[in-house]
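Each in structure tokens, the structures are laid out below.
There are two complexes below, and they share chain A, which is joined by chain B in the first and by chain C in the second.
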Partner chain A sequence: MGYVTVTGGQTAIEEAEKLLHHYRTGQSSHPLHPETIEKQMRLLVDRIMGEGGLYAPDHASLALKQAEGDPAEAAFLLRAYRSTLSRNFYTKTVDPGEMRLIRRISSTFKDIPGGQVLGPTYDYTHRLLNFSLREETEEDFSEFLEAVDIDSEQVEQTPSFKKVTELLKAENLLADSEMEQEQEPVDITREKPAFPLSRSARLQSLARGETGAMSALAYSAVRGHGKVHPTIGELRVGYADIEIEYPGRENESLYIGETMLTEVETVNSFTETINNQAGGLNLGYGLVFGHNELKAISMAVLEHSLATEGEAPVHDEEFVLLHIDSVDSSGFISHMKMPHYVTFQAQLNRLRKFQEEEGGKPEDESRKQ
Partner chain B sequence: MSPESSKRFRVSAYNFGFLDEGSKREIRRSTLKAVAIPGYQVPFASRELPIGKGWGTGGMQLSLSLAGSRDTIKVIDQGHDDSVNAVSIRHLIQSCTQVEMTRDSQAASLIQSRHRIPEIPLRKDQILILQVPQPDPLKKVESHEKKVKQLHADKDYKGMWLHLYEDISQWGDISISADYPSTAHERYLFAPSPLPRWDVPKLNHSEALCLLGAGREKKIYAIPPHTQVTPLAFDDVPFTTENFGKASCKNCGADNVYLDEFIDDETGQKTYSCSDTGYCHQRMAERRIQ
Partner chain C sequence: MKKARLSRILVHASLDFIEDFSNQIEENYQISLETKPQKSLVLMKTKDSVSGLNFYNGEILVTECKVTIHHFHGFGIVMGEQPDRSFYMAVIDAAFNAELPEISSWKDRLIQEEARIEKEKLSETKNAEASRVQFDTMEGFDER
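Coming up: the complex of A and B.
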């Protein structure tokens, strides 16, 4: 008999996967090695680790390879992998003031203790396509290394500097803030925090946010849809040691590795009061995995906006924090591709009923509850 | 990192049910709380899964946290066992649990579904898991979670009543077609997930436990067996379900079921078939035997 319906989901999925594999390999003769991505797509890898909430450069590189370089897909792969890992330890508090810096600038003071360290930045490069990179060879790599003679030992030993905001604090220029109090931080990956969020929950949400979404919102805040006009007190990029409590031995630490972090502290006008407190400068804080300055600055702007009352979207924590997560937003936007046959049928049914009624036709014998 | 890791998802590298045991336990705890307070949305720290948020991660987390080796699981989407998303979810559940999968709603101990409840009434030894995109019906009238939580606590649902009233004054009837706001045991207003109106009465005094999971919104709620489920309605504008007139399924002839509508490419004629394909297949098989 002629039974037909939309079946074959299994076959369709398998064939689609084959095609995807075909497109991913790009019919290229050189498979892209994850290590190449890790070493030469450094900023993308850092971005993925931040949005994926997992500091694992090799996993992030693999995710990028698997996802054909799509940042949303790659961050998603990392997050899903993260769900399978059991939580064994909590690290000790990391003090970014102790970071071994590769870059450190301040827009508030020309002279800062230790000086400004420009470090690796695109800020002052001219954005001209460099066509010679097309022909770059392994020899070019080694020749460059010999010529510039960057002593990696010396890079490793870069000293740590006192933070700029410490200067302001010492001068008594910072507003008193209740936020300064030490508190056991919540863990947003282990409990759903209730609104209004604690500051630690806000910071965690922001730290995992999507770079583009956050810079768009931060941009709106400084462009007039918000009451913030910050200056960057300090932006620092460097390596921070990660330690856990030595298992079984109290008050002893075990070094388990290092993470690269970007930290930004913005200084905001004393007229922008937090919790109606006046009388000093207010800080905005951003701290993200890897080298991602755009996101760290955006985070500091948003963190301060959320602590400030106002009518603009950036002052509404539910609006900001519930819409910057890349896995949430990309997931829900793409879910619209799924079938909605049943609900659409239900909608048609309603529409037809309303049209019939308008046309004066008698109502059919609907099932009444 | 090994080069083979890029080739295939190696199931053996993952825990039973994908999530680590601590996470599964936490989800079950939230589920127990949800069962204890019918219709109340219990917050939980939703995990990321290998499928997209909005594609059934809430339902999946319930299934994965509850699945044991003796379970038999059925997965449907739009009532359909074979639609791509159902296939994808079924494949993932199976590959990380190895439990038996079925298309027969009566053989299943767990049924994960999106947008439908099977036509054959469920039994008390079965659990229905519904995927939920938007767990809070009050989001229609108040967009902030902080305020919505207060409204639920105060049982302050006048915003929703007003919304329905305005709807009637504009359209002559309530225009909500799916995800019809209902109350659980005369207390919490809840979203039954985008079920058509047709399926909402099936929740009322159901024999089976119904769990609803919203992954992206990080909420779990439940309609335990024998819970009174009441769709919001006015005395003079009662709740009605979809009406397919005299139409019946072109395959099995069923006429008291939710139907999918098809337009014939050539003749342009409208035909119908069961939305619940498992039910339809079963009826066809029975007919052949007779």
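Coming up: the complex of A and C.
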């Protein structure tokens, strides 16, 4: 059987693109400016940056506008754009422990040194639709910004917060770690993952994962299909300074800006850990671009799940890491919309041949019941 | 001034502020544009506090630019799509590398701008500090 090339779709595709533009504009008189998305849809922008694996708020906002707000499509656009750029530098190692924090909480210890700072959170808000936002004006923005300009005399310099886990380490409450000692981290964007992955490859893979997929898997782990149910030792949201080495001068560095990060360390009960020879607590780790607490917590749960033996899917590295990537999963599911005429025609041919050989239609399995 | 400190000021300073410095150099010297402002990527390496090991948590989009003044190189790099800022930063960097006389008059203004930037950042910290939790015990709560 030979393949027959089919034409005739070009005009239809061009018209479909026009329709897409028509629906994207929504027949609205006010085009949505990417800067508006960046400033007022910050959590969505942060999510796209994380899933796209690229910290670029203005480009993520543009991708969201182009994708009509579809996160999977926007992350795909960002990932595709990233592939057109050359990578010329590596940052100096960033220590999130030195972040300039805007939020820091612990669900494990009430009295953590440095205290708990709620920062911007929906945790304690009523989940009621605020209909007054329909009438919000630029003047409302200005008035609020003036009113919120707090001038606390108590803060004269950026406070530093000692990490909760440092305190646990100091009191010898953490389990002995048997992690491999890597010299240089693996970069999964350049090296094809080979299972089992190193810790650095696993963390990089989780950091690029899709928020919904990761939270679903983490939920399965804590609901019983896994062996972890941690508490949040510490959740931090803040800005990390980013520096690179000055070209040609090892002893000089250049500051290039700051990235917002969400970092989570989970504390796992020692009674729920296995192979815990030292009898101490085990930690899970999550770090993601932007302000995305759901993903950071999920990452910490999954990271620890993957480091723990068990029968549930969350303990299977290949299962978790190969199914959380937004571009991979949405791309594969979406590809089913592409023409499969030849594949289906081949199936039909096989079915008809089978029917002819058997002398009749095979009994429908579904009708047996 | 160390490059880390200088670049921190130049990244956060207003564009007009650093354009003024760059213009002073452009008016008096021949500037060769070695690499025009272009977008590229920087891979972010982060310390995982649980293991103490490093990993790459993603890439950062930057704009970079290279110039020379009298064979002295200047390099500007900044996060985001900021072609003008990266060019001004490269010119200023070259001026420092060449130790041009203009830079002697910049020091006070740079320090003032640095103070303004720090104040702005501290303002955000103050806003966050206002949401600090003050835990009180509930002892005797029912008797109130």
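Assume the second predicted complex is superposed on the first by the 331 of 369 C-alpha atoms of A that agree within 3 Å, B and C clash if a C-alpha of one lies under 4 Å from a C-alpha of the other, contacts with A are read in each partner's own complex, and residues count from 1 in each chain.
The rule is short, and it goes like this: contacts are C-beta pairs under 8 Å (C-beta built on N, C-alpha and C of every residue); 3 or more make two chains touch, one makes a residue touch a chain.
Please read these numbers as outputs of a predicted model, since none were measured by experiment.
In the superposition on chain A, A:G257 contacts chain C only, with no contact to chain B.
By the touch criterion defined above, A:D328 lies against chain B but remains apart from chain C after alignment on the C-alpha atoms of chain A. In the superposition on chain A, A:A12 makes contact with chain B only, while chain C stays out of contact range.
Judged by the touch definition given at the top, the superposed model places A:D140 against neither chain B nor chain C.
Of the two partner chains, chain B is the only one that A:E191 touches; chain C does not reach it.
Of the two partner chains, chain C is the only one touched by A:F289; chain B is not. Touch criterion not met for A:E309: it reaches neither chain B nor chain C. Touch criterion met: A:R87 reaches chain B and chain C at once. When the shared chain is aligned, chain C comes close enough to touch A:L118, but chain B does not. Looking at the superposition, the partner that touches the larger set of chain A residues, chain B or chain C, turns out to be C.
Put simply, chain A uses residues 58, 82, 85-87, 189 to touch chain B in one complex and chain C in the other.
Of all residues in chain C, those touching chain A in their complex are 2-5, 7-8, 11, 39-51, 53-62, 64, 75, 77-81, 121-133, 135.
Contacts from chain A toward chain C in the complex involve residues 49-50, 53-59, 82, 85-97, 100-103, 110-111, 115-119, 148-152, 154-159, 163, 165, 177, 179, 181-182, 184-187, 189, 199-201, 203-204, 207-208, 241-244, 246-247, 249, 252-259, 263, 265, 283-285, 287-289. Residues of chain B touching chain A in their complex: 1, 5-6, 14-15, 18-23, 26, 43-50, 52-55, 57, 77-80, 82-88, 91, 114-116, 133, 143-146, 149, 171-173, 175-179, 194-198, 201, 216, 218-219, 231, 233, 238-245, 251, 258-261, 273, 275, 277, 284.
Looking at the complex, you find that chain A touches chain B at residues 1, 3, 5-10, 12-13, 34-35, 58, 62, 65-66, 76, 79-80, 82-87, 188-192, 194-196, 316, 318, 322, 327-328, 330-335, 338-343, 345-350, 353-354, 357, 364-369.
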